[in-house]
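A short write-up of the structure that comes next.
Chain naming follows the written order as A, B, C, D, E and F, and within any one chain the residues start at number 1.
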Amino acid sequence: MYRVTVRGHAMVAHSLPDEFFGPAQALHGATYVVEATFSGRELDAHGTVIDIGAAGDALGAVLADLNYRNLDEHPAFTGKLSTTEVIAKHIADRLLDGPLTTGLARLDVVLREHPDAWAGYSVDLDESADPAAAGTTGQ
Amino acid sequence: MYRVTVRGHAMVAHSLPDEFFGPAQALHGATYVVEATFSGRELDAHGTVIDIGAAGDALGAVLADLNYRNLDEHPAFTGKLSTTEVIAKHIADRLLDGPLTTGLARLDVVLREHPDAWAGYSVDLDESADPAAAGTTGQ
Amino acid sequence: MYRVTVRGHAMVAHSLPDEFFGPAQALHGATYVVEATFSGRELDAHGTVIDIGAAGDALGAVLADLNYRNLDEHPAFTGKLSTTEVIAKHIADRLLDGPLTTGLARLDVVLREHPDAWAGYSVDLDESADPAAAGTTGQ
Amino acid sequence: MYRVTVRGHAMVAHSLPDEFFGPAQALHGATYVVEATFSGRELDAHGTVIDIGAAGDALGAVLADLNYRNLDEHPAFTGKLSTTEVIAKHIADRLLDGPLTTGLARLDVVLREHPDAWAGYSVDLDESADPAAAGTTGQ
Amino acid sequence: MYRVTVRGHAMVAHSLPDEFFGPAQALHGATYVVEATFSGRELDAHGTVIDIGAAGDALGAVLADLNYRNLDEHPAFTGKLSTTEVIAKHIADRLLDGPLTTGLARLDVVLREHPDAWAGYSVDLDESADPAAAGTTGQ
Amino acid sequence: MYRVTVRGHAMVAHSLPDEFFGPAQALHGATYVVEATFSGRELDAHGTVIDIGAAGDALGAVLADLNYRNLDEHPAFTGKLSTTEVIAKHIADRLLDGPLTTGLARLDVVLREHPDAWAGYSVDLDESADPAAAGTTGQ
């Protein structure tokens, strides 16, 4: 299995209005440093898993839509708690929306929120003809 | 699959009294920077894999029991070589002792001992009703 | 010259309402990873520049007052743009308010806001009998 | 599953003469920071997955053959594009050539080429008596 | 004193044709991760040392001229050994060529070439009305 | 001013037998990741501050004398508390013992002991004809 990872970041505000989250219920913020890993079983004719430039652009476009935003007002998170896990799945789903992951075996997204905590979402793409279903069937 | 990682550290002394270990047979020490990753197939009602505060507290408690200690005199390592792999399994086992990993799919523990070396232990929790047995059946 | 650095972090929301800041005018957020370096010309009787536990506690207290907050509503930044430089000076000033820096030669505060940008504030403490004045006279 | 990782680096020149690679078609270079992870289901009598000294030496020998070289003139890459993925597989194949991975379950090689991009190659060693075939059957 | 740092990188080939450099005499390459730090004694009306966007753009422009290049054929290094120190001074000189450092007190450039080695160049700008002369008079 | 930094590490045991240090009074250990920075006002004929290979070898020799040791029994720390600051000065003094720093302007040594704490020692070498005296006169 081959893997390629591209990294970017987004600086967002949000709140987690559920008493479960203690002080993080208040409006606060985070720099999310985001790593997206694309895995494939074979290399293409160029000796690559994926066009790394296209991968970086795709991640950059997803992050540009989050950067300098208050996620409490972002339509993707309406009625949801924008936990790090939920944001990771959002980023993965947006990457899966495009043509970029066709033919790949797996996509991993990791969000580092501070030096001592990070979270991620992974989806296997092999066994499903319908990428939208992959998140449901899990790993 | 969703994942949450928390990080901590412990500063320990130990020796590895087996000639296999060359100069590390002598009493020396290490700062172990420890990452514990909790994986689950679904998010709970709060949009999380695990209560990250509880995860951090659980890891912190396990590391507090090791920090500022000479592992040669720690009961968990009596009659054992406290290699990085063995310490990683010890930390995972202690995390599995509590309620924290119930319902989760996998636990990974990584110990970074210097910039050019680290080691870890992983256990799949899905296929076993008895978490204590997971270490035996392996991945 | 001897130096000791302690590190912590705070996750804040804020906006920078001046068109100079482009998209950062909007409410967004950041994880600030904060390093405070205390410098002294001599070591004390314990062989240290400063009680590192007290230094960590002092930095932690300053950061706890910022963490999980919207700086737009924090009294320390009323009528000010909470740029990274301004937050760095705020943290240094709060550290200088206590007894911790008495007798020291220099204090440096660095805030890392994302992997490709950071900012800081430094103050020389040697030439002033009045630490409170040091921030005014600068380096 | 237990894992041990050793890290090294190599500083190479190369070109990627295919218009697919845009500006990277030109002769340029990279510092590849290389991580090799050896995984095993059980620990040996020393409480280790592998002799970490031998692992470091093996990785060091593979990297010494690449370091301070122009990969365009290196026999391992004749007639191939030396993409990061291809170099990762080359390093894994060289590690698999020796006795070091006998009895292990998996080998992962990651090459970090700049702070925002890395790539890797992984091979499962369990299910194949013929390591050379592992790359074909994949994960 | 306030400081702002921006970071970028360039992937270059070069050789160091002097027997002093041993194996680095051969054509090889490096990823230089470059940090440029701009220091000023006072903040401007926006609460900043410098327009961080302009700083990032200026560093990016200097690095774009080096990225994916063979420095042996780059006019800036004709007749010179392109050591890390020399490249650091080149980057600083190019940053000093523009209007960006006017009014600042100091510029530092650091190039990280691998995890265990880095080099830099610093220039104090205070005491000279002519920034072009600063590199000559040194710190 | 030009600077070159080399990095290494040592894994040591030690205790800090003074009640000031709380739990660190007990025998414990640390991985010290050590950075030594050599600064000079001018480059030599090779375009370097210092022979980086010789610098790495010198740092490596100093660290080899500490690595896999119990500092409580190391002659350099007899009758002293081996705090991070004291170890930093020890390493700097050993580097100053050799010919390596002749003609240089400054030496900085930093020891990273865990992700949230580090300490260092710096000495200006310019104003003293006798490098051995530099540690006494301080910065």
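By our rule, a residue touches a chain if its C-beta (ideal position, glycine included) is under 8 Å from a C-beta of that chain, and two chains touch if they have at least 3 such contacts.
Note that the structure is a prediction, hence the values are computed from the model and not measured.
K.L.:
Could you let me know which interface, D-E or B-D, is made of more C-beta pairs in contact?
P.N.:
If we tally the C-beta pairs in contact for B-D and D-E, the bigger total goes to D-E.
K.L.:
Measuring centre to centre with C-alpha atoms, which chain is farthest from chain C?
P.N.:
Most remote chain from chain C, centroid-wise, comes out as D.
K.L.:
What whole-Å value do you get for the distance between chain C and chain E if each is reduced to the mean of its CA atoms?
P.N.:
Taking the mean C-alpha position of each chain, the two centres sit 27 Å apart.
K.L.:
Could you put a whole-Å number on the gap between the CA centroids of chain C and chain D?
P.N.:
42
K.L.:
Could you put a whole-Å number on the gap between the CA centroids of chain A and chain C?
P.N.:
32
K.L.:
Out of chain C, which residues touch more than one other chain, so two or more?
P.N.:
7, 115-116
K.L.:
For chain D, which residues count as touching chain B in their complex?
P.N.:
1-8, 41-43, 46-49, 51-53, 56, 105
K.L.:
Once bound in the complex, which stretches of chain E touch chain F?
P.N.:
18, 20-22, 80-86, 88-89, 110, 115-123, 138-139
K.L.:
Residue numbers of chain D touching chain E in their complex, please.
P.N.:
7, 9, 11-14, 23-24, 26-31, 33, 67-70, 113-115
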